[in-house]
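The two complexes that follow have chain A in common; it is paired with chain B in the first and with chain C in the second.
And then the complex of A and B:
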């Protein structure tokens, strides 16, 4: 009797465990929400929405790399720059946006593969050092080959006006969220399957993973390549939003901000990447408003940094797993035991 | 994944919730954004923080101070001027963000004196699409002077080519037969300046360039020394002017330095050089506004008064003079545009030109010329203080001759506010 009850109990418990919604449904719902928002929000908010979408591409890729595979990258700002410059150079010659974005992703993926191959041999601080070097070298490349990249001044990006009666901001939001939702879908499908398991295994214990037949180096390289592709897409979208690319738009602080954002959001979770992307847009704006209210003109630029720091400390104390790990108190059925 | 969905929905709804419900003031001149019967709102983007903030961060507060002075005296056509200053840290990506906020959210009437070539280049198309007047850009790039492509954009500074031609004319007359070389910033600033110089002097003996992200000009200065340069013309921002002069002294290289207006504010330079400030003696530069240390000048007296009352008594340097002169020109434009203020109206008024003010030469604005001031006068540093010498020169960015401008400078109106 008890045995039967027990078995029934476990079966019930298994059934009440949160059922996984297929990522495709999430993405479709997300797309509907975005489209509705672009028709209801005022233009500036729509622009901010577009920026969140562009950030989501890179934070999603970075959170998979850092959270699931345990590799730290300080070079994702530079990978974004790679995508952005590729798009700018392409657009100014051929003006075919879709091909340009694809090309930006491909070129960044190739760059990611090169860095990833080196990165797979490095651990901890050495890996951070390598990616940091990548971030630092970007401005030097643009000034060394100033005929192509136009040095610090950067390039402007030729773009056609949006089709039909669509406003520029709506167009940007659709483009960015199209990229973001596609990224989220691909990453969700990838990380659910064998690749995700391999990455977690490598992160948790490399020796154990190797004993279980997982190729550590290959997993790490692939993780880097995938997240580089995401960064390249984000960079291309930023170039479209800003209509210009310059080394100043992709400074080292951007890479640090991205890392902070995914930590605050919740490492390794795509929902955390979304929260991080929202914070990247919201916190500087909030800092500006506070600065303005306080009548300070000089502090503003630094206020955003301070803000990120404070939020990071508070979140890490209150919710060590990041904001995405926070849960509303839900009444659970008491187990029948 | 379910959590992702919940978070996605929550975040997006929150974003929708905080959407602004401002309908925009529409009681004023024919529904012109930012204009009501009692107020006109204008905005700017400036580096208040970051590497370019030194000196430049004083411009916008000075402009605002002059507006406050005008407001306290009844405003323009009964309207008070509200000046929204946004910090972009000299980062083009931030400029995009803050200018959109100004135009789309704060609904400003115009963008005034947005600073920087790379930063402002990125928003030209956006401002054009939204038909926002883009007045008196704080940079000397020739990009602002494209009336066909950007009908609402006007420059303020004499463009770098005009400046290059005037400086080169002085070099040609004064240092005839000497070896002239050039060090410039690796962007439109340096290139346009060199173009002006070479129009007058022909090819220079040696040329070098630098980027702001690499604060080491040792190799460049070394190369100029090796080339045996006797006159070095600098198209540099203040930090790099100081760096170049300091580096040259360190390697025992003592050419005559001739510096563009952009990088020549003696207060900023002396601060950067610290104890080495005496190296600045004899440096030749150019300017077109009254010099901050010229206390006998009636404009400086006016600015000193405004600065004391409305700018918290900030140190009066050439950046403050610049900021207030921008404000004066904008008030002139507002007066000329008349009581019924519209965006097209102010562009027309500026195109009519004919403004006289603090500068030594007039602006060039017309329907087919949107560049800023038409010329400059040379200064030299003696006893740590910059002084004008000779006469003001006027020229254009093409093949026009460099000619002396004879008309005397005008005095400010008695109450310090331009009349309608």
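And then the complex of A and C:
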């Protein structure tokens, strides 16, 4: 009886919900849009597009970790630094970009596994405190091992010029969006299946998940590892875009910005990660323009900081599920209650 | 040996500050089950206010008092305006809101005062007294011990000997029953936040002259150290916070003294990992703290 009702319920839900498109189609469409944009946008906009792609890698991974699995990480800025430094060290010795990016992802994945093993045993404020400590410790690592990491100055990244007649900005945009779309595809496929179900079960009720045979610790560690790999990729891509790495590029505020991006975009949705990544590029640019108009350099960076903070607080108070839990009026075809 | 003695006293002086800061974290945790991640930023904000007043009037002590009062007001305001409206169904929400406050405070401070380090004067000499050629304590260290000791004693008296303290404890542990008995639970919560923020301001005022100076992010590492101290002692235990603070202070002093100052933040991280993984309830917690 209940099964029949359930099935009827699911069918009703399926009817009201828009049909899910296969992620592969989304990714192909996305790739076409990016390529078209790189040929039409001016170089600076193309550069910004590339930055959005690099951010999307990490916000997508963080969305899966925090939104689907309920683990808050403030250490993803540090994980990005891990990827970026790995790439820089590799490039300056061997100058093979593809291998370098792969290596950056692998090293960051290993670092993520270590943090993830600890994280799986911690909850709420304890996990946040631990990952916060990871985020804050980056500059002290680079100055302690300054022969390798060159303290606050950081390292420059050796890169070959882009092939053929491709401009540098186009090349960056393709590279970053190649990484971003691949990340989104993998995460979308991963979270659709059993892994995604396990993560949501763990997030919603650990005891129930355990009773249902889900290994809570293993799910949490895997979620952390996967999102760490995404952060490592993002870090490597940032190193490529900036052609340098330094601790100043990965401050604690970067981790807080990432958190803001996924909260504002809507926890647990990959589309939310895209909104967040766009905002991470657009809002500082907007603040820059306002700062320039006001003729105050002091305003520039701090305006973005303040604005992000206000948005974070307001969204958490008004809609703890993120903006995605507030349906946009256009989309509201069926009454929600 | 001389060096060890000096580092021990230096560590206790640092530890006293961490203890005060950890105490502020514990106060809010006991009252509201929130770890106030914005506490460092709030302390920095009040320190800026204090030093501005001191600069304008030429009196360090007037600035000191103003900073503490600003702490009281800021704490009360944060609770009344923001924290009261946080949805507590998930412990993450409080953390995220506090981190949003960090961004706001750091951004506003940067806009008003700029993002460079500003020198912060200490009210007493930081040159250590010597005893038989061994550097022991400076007048500033004595001031730190005196100030933190006074706060610990005053808070203990408040909570154990006064009707207000009793109401605050009741409001924290059994809000519904307290409300039935006529305790203004919301008001007690605001008072708790105000007190905690004032204690945090004091810790900020004490630590900032010994670090690089005033900067919007000046307290980030201090916050981590104090958080480690509070977790070490158990977030529910004020005594634990004080002892945890002293332990963390000593450890950091030895490590920066023998291995170099840049290693200290890594040591805090290592200590935090060890404590969280081995004694997750802290050394002094009676109830199960880890459930949240």
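The working rule: the second predicted complex is superposed on the first by the 290 of 337 C-alpha atoms of A that agree within 3 Å, B and C clash if a C-alpha of one lies under 4 Å from a C-alpha of the other, contacts with A are read in each partner's own complex, and residues count from 1 in each chain.
Here, a contact is a pair of C-beta atoms (placed from the backbone, for glycine too) under 8 Å apart; a residue touches a chain by one contact, two chains touch by 3 or more.
Keep in mind that this is a model prediction, so the values were computed, not measured.
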Touched partner set for A:124, first chain B, second chain C, both or neither: second
Which superposed partner A:134 touches (first chain B, second chain C, both, neither): second
In the superposition, chain B vs chain C on chain A residues touched: B
Partner chain(s) touched by A:22 [first = chain B, second = chain C, both, neither]: first
Partner chain(s) touched by A:96 [first = chain B, second = chain C, both, neither]: neither
First, second, both or neither for A:312, with chain B first and chain C second: second
Which of chain B and chain C A:143 touches, first, second, both or neither: both
First (chain B), second (chain C), both or neither touched by A:51: first
Chain B versus chain C as contact partner of A:211, first or second or both or neither: neither
Chain B and chain C contact sites that coincide on chain A, given as residue numbers: 139-140, 143, 251, 298-299, 301-302
Sites on chain A touched by chain C in the complex: 66, 70, 72, 74, 118, 121-126, 128-130, 132-134, 136-137, 139-141, 143-144, 251-253, 256, 259-260, 263, 298-299, 301-313, 316-317, 320
Chain B to chain A touching residues, read off their complex: 1-9, 11-12, 15-16, 18-20, 22, 48-50, 53, 57, 60-61, 85-87, 89-93, 96-97, 100-101, 104-105, 117-118, 121-122, 125-126, 129, 185-188, 209, 211-214
List of chain C residues in touch with chain A within their complex: 34-35, 37, 82, 85-87, 89-97, 99-111, 114-115, 217, 220-221, 223-224, 227-228, 231, 260, 262-266, 268-269, 272-273, 276-277, 280, 290-292
Sites on chain A touched by chain B in the complex: 18-23, 25-26, 29-30, 33-34, 37, 40-45, 47-49, 51-52, 139-140, 143, 146, 150-154, 156, 161, 168-169, 184, 188, 238, 241-244, 246-249, 251, 269-271, 274-275, 278, 285, 288, 297-302, 324
